Amino acid sequence: MEIAESKVKGHITKYNSEKKALIAILQDIQDEYHYLPQEALKIVSKTLGIPLVDVIGVATFFRAFSLQPRGEHLVTVCLGTACHVRGGPKILEEFERKLNVKAGQTTADGQFTLETVACLGCCAIGPVVVVDGNYHAQTTIRKVDPILRKYRKKEKKNEKH
Amino acid sequence: MKSIKKLNSLKDLRQAIDEQVQARKSEKKSMITVSAGTCGQARGSLQVIEALEKVIKKENLEKKVRIKVSGCHGFCEAEPNIIIKPQEIFYQKVQAKDANDIILQTVLKGKIVDRLLYQDPARGEKVSQERDIPFYKKQMRLILEDNALIDPTDINDYLSIGGYSSLLKVLNGLTPEQIIELVKKSGLRGRGGAGFSTGHKWEFTRKAKEKIKYVICNGDEGDPGAYMDRSVLEGNPHRVLEGMMIGAYAIGAEESYIYVRDEYPLAVKHIELAISQAEKIGLLGKKILGTDFNFQIHVAKGAGAFVCGEETALIASVEGRVGEPRQRPPFPAINGLWGKPTNINNVETWANIPLIIDKGADWFSSIGTKGSKGTKIFSLVGKINNTGLVEIPMGISLREIIFDIGGGIPAGREFKAVQTGGPSGGCIPKEKLDLPIDYESLTQAGSIMGSGGMIVMDDKTCMIDVAKYFLNFLRDESCGKCLSCREGTQRMWEIVKDISEGKGKEGDLELLEELAKITKDASLCGLGQTAANPVLSTLRYFKDEYLAHVQDKRCPAGVCKDLIRYLIIAEKCTGCLACLRVCPQEAISGELKKVHVIDHSKCIKCGACFEACNFDAIQIV
Amino acid sequence: MANLKLNGLEVKAEEGWTLLETAKFYGLEIPTLCYHEGLSPYGGCRLCLVEIGEGPKAKLVSSCTYPAEEGLVVRTDTKRVIEARRMMIELMLSIAPYSKVVQDLASKFGVTKVRFKIRNEECILCGLCVRMCAEQMDGRAIGFQNRGYKRKISTPFDIRSEECRLCGGCIYICPACQLRCQGPQAETAVCNACLTMDPTCLEHYDDLQCWMYDAGRCGTCVREKSEKSDSKKQTRASK
């Protein structure tokens, strides 16, 4: 992927190129590209004057960041305690089976990335699954396939255009 | 929303509050308040709002009825729920298709729509008033009740319930020393989990000899299962801001940060909006309301690290570094953010401050027990009927929370344990149900108060599985610096995993206990020091269950995959093919109307058949 | 100047001293691994733990990072400390059984068994290489990545670093790379050979070599290879 240096620098100057804003800068770059490209990290290191090892240290420490490109759709299964007690792991396993990937991986066709999160704070409606920012309440094993099909359909729709 | 007029003096603020309070009192329109926090939205409150607005428009009722979009009301089980004023009628599980009936029947004619009423599962009676609902009856909602009264995106609405009058009181004549004395006397203890005396913490920071000081609001809320802070940040952000303003004034800080978890986008949005509105109205900035008080609040987002709930790790994160805790001393009160004196308090702690200033220390300390004053918000989740946020006075018993407020265990199952304090806490068994909620009593029982997560477990929850879950969480969230924490959590997890897979052997439990004690002793920060609690507390109260796994290779609760089998009960099987269809391994054989059979060599115990069967014909043995 | 109690002794510490530096000054030995005089203290290996305070509030802290404060009561070899120390060594052995530094610690402090699965990863994440590269060599070519059980030390993107000047400082300072122990049995991961052997140095020298180095760390059994293997076989056979 082409990384426009000016775009990345834009995200940095937005915060007055302050070292303390490193995490916020990385979050904005992550939002832009859906992951943290190597080139972008090098630009951040140079512009902010933070050694590259330290930038990588921060980028790999926090779960919000991904150094690998993510799929079109991000499926996040909540594995907080309440969701766990209500069967969250079985939901995750069903997603893993249906998508043929393990948590943390992206499908071969680049459509879905499956991840887990420790807690979204929606415990009352657990087990919770979030796809592209849309919250799905009280997920069951049976609901997994319909959820995936809904997003696959969206893909087909977009392709037709 | 009404426009925001800049206030330039204390008198202006007094006037503005009075005006808004009056406006609320003289509200002529009927009001429908819709609970629309994150989970309300996930269950469809936005669609409900849209539908209601449509009906109002269609029937030309704009001058008679208005809709208020509030944050979470706390009774999550009933979401989406609405409250209709002035009758104070509470409707639960509302959907878009109910909009017509709500407006035409209840709002216009005062007729109750029966199907939307809350029904007490125990006694079967239907209740229309919020205050009569058993879930709310025993609560003391000093902080949460305002959530149902205001629109969090409108600062004027906060003023209309008397918001910012405590700040006014402070700026009108309380000295920092007086404020600190007040908070000390109230007995308020940190609501983030450690329970340190808030007043004393403020005093340390105030006394530090540095001109620049900081105040931080810890909104990381990393404990899975806890979402009290989310509810307050989403539903009543100004309350938190007001508390921080008062704290900063008392401590002598001019700059502050609210650290919000990355996983709470709505909370971030509402807090940022609240800050910008507070700036617009003149309650943040330089020379606030014409006084010498300068104060600024910034928002810093977390990026997915539980350890950043720890004070020194949080500070590192705000500074743009990895969230690695450091040794204390020096404490943040002396050497914190960028080396300056910093006071960090939890969201709920800040939310209590305006209350204490308003009603006084004696009033606050009259609530609760000797050592634990005031109320505490708990998130009551898991295997419980009335899931939701519960605010109770300290000293009430666990039994009352779980059975009177929580409505007991669903599906007629038996209570087994309640887990408090998140990954740093422990499981409390049946025998201790009459324990009063209190910092000390929970610690003595082998758990901690923590931030307020309360996860209820029934007899189908395996305690070894719970211990494994928490250890897995902790080994991933550990920052990795200390050998004792990093390897301790990893090795404890390996041992418990082996036990859950039937590979437990002689000496495992002793090794587990030894490793747990040393991880606790040798680690640098709170994460490592409390990492062993889930293991130690489950070993203390559920040793038999551990022994069943290790010696008998049996999982009594029917959870640990390697120790259970799924069995179709021939007498109950109707031959409906439902399970056959959903089995991913094609491990079930059978024809229509004939008894089905599971081939255990193929079965991966995914549970799909169990979920699909409508006749209770599948058992876990 | 701070006045504190160290193992019952009244001692004085200079401004800015840590407990480890104070103990060293007074000749008290506290084992360390991730500590190095020329580098900033890290406090990660947890070997240098000491017990401070008394009664129920007493706790263990890493002496290499804890400041020597006025009025502290410090004890370097309590039951809690020794139990913790042994467990740390046991954990390290399970990760890096071929490190002579760790094996020597095991022999010295009486760790004779490893009850965890052997990982043979070598790196115990003590961070000495990272600090060496950053502080002494001003390279910053390697650093910590990830967290928790996935933590590792590597170059950015796990490829050859542009900052690395091939100085070898990291290899020099690494306790796992320094000296290799020939002794550990694969199944038990513990060597303990120097516990059960007669000092081999006396076969080559007149004086016991550990007056120069700590007992067991002289490395003679490793250096004097040709004759060593025979004498080792002899000693083992005679057991």
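Letters are used for the chains, namely A, B and C, taken in the order the chains are written, and counting of residues starts over at 1 for each.
Just so we're on the same page, contacts are C-beta pairs under 8 Å (C-beta built on N, C-alpha and C of every residue); 3 or more make two chains touch, one makes a residue touch a chain.
What you see is a predicted model, and the numbers here were worked out from it, not measured in a lab.
Taken chain by chain, the contacts link every pair, so each chain touches all the others. Of all chain pairs, the one linked by the most C-beta contacts is A-B. Work out the mean CA point of chain A and of chain C, and you get 40 Å between them. As a whole-number value, the distance joining the C-alpha centres of chain A and chain B reads 24 Å.
In whole angstrom, the spacing between the mean C-alpha positions of chain B and chain C is 43. In chain C, the residues that reach two or more other chains under the touch definition are 144, 146-147. Touching two or more other chains at once are residues 54, 57, 61 of chain A.
Multi-chain contact residues of chain B, defined as those touching 2 or more other chains: 305, 322, 477, 479. In the complex of the two chains, the chain C residues touching chain B come out as 42-46, 49, 59-62, 65-67, 69, 80, 83-84, 87-88, 91-92, 94-95, 115-117, 124-125, 144, 146-151.
Considering their complex, residues 38-39, 41-43, 76-77, 79, 221-227, 230, 261-265, 300-306, 317-323, 379, 381-383, 387-388, 419, 422, 453, 455, 457, 461, 466, 469-470, 473, 477, 479, 582, 584, 606-608, 611-612 of chain B touch chain A. Every residue of chain C that touches chain A in the complex is listed here, in rising order: 134, 140-147, 155-157, 163. Taken together, the chain A residues at the contact with chain B in this complex read 18-24, 26-27, 50, 54, 57-58, 61-65, 79-87, 90, 93-94, 97, 117-126, 128, 133, 135-137, 140-142. Of all the residues in chain A, the ones that touch chain C in their complex are 38, 41, 51-54, 56-57, 60-61.
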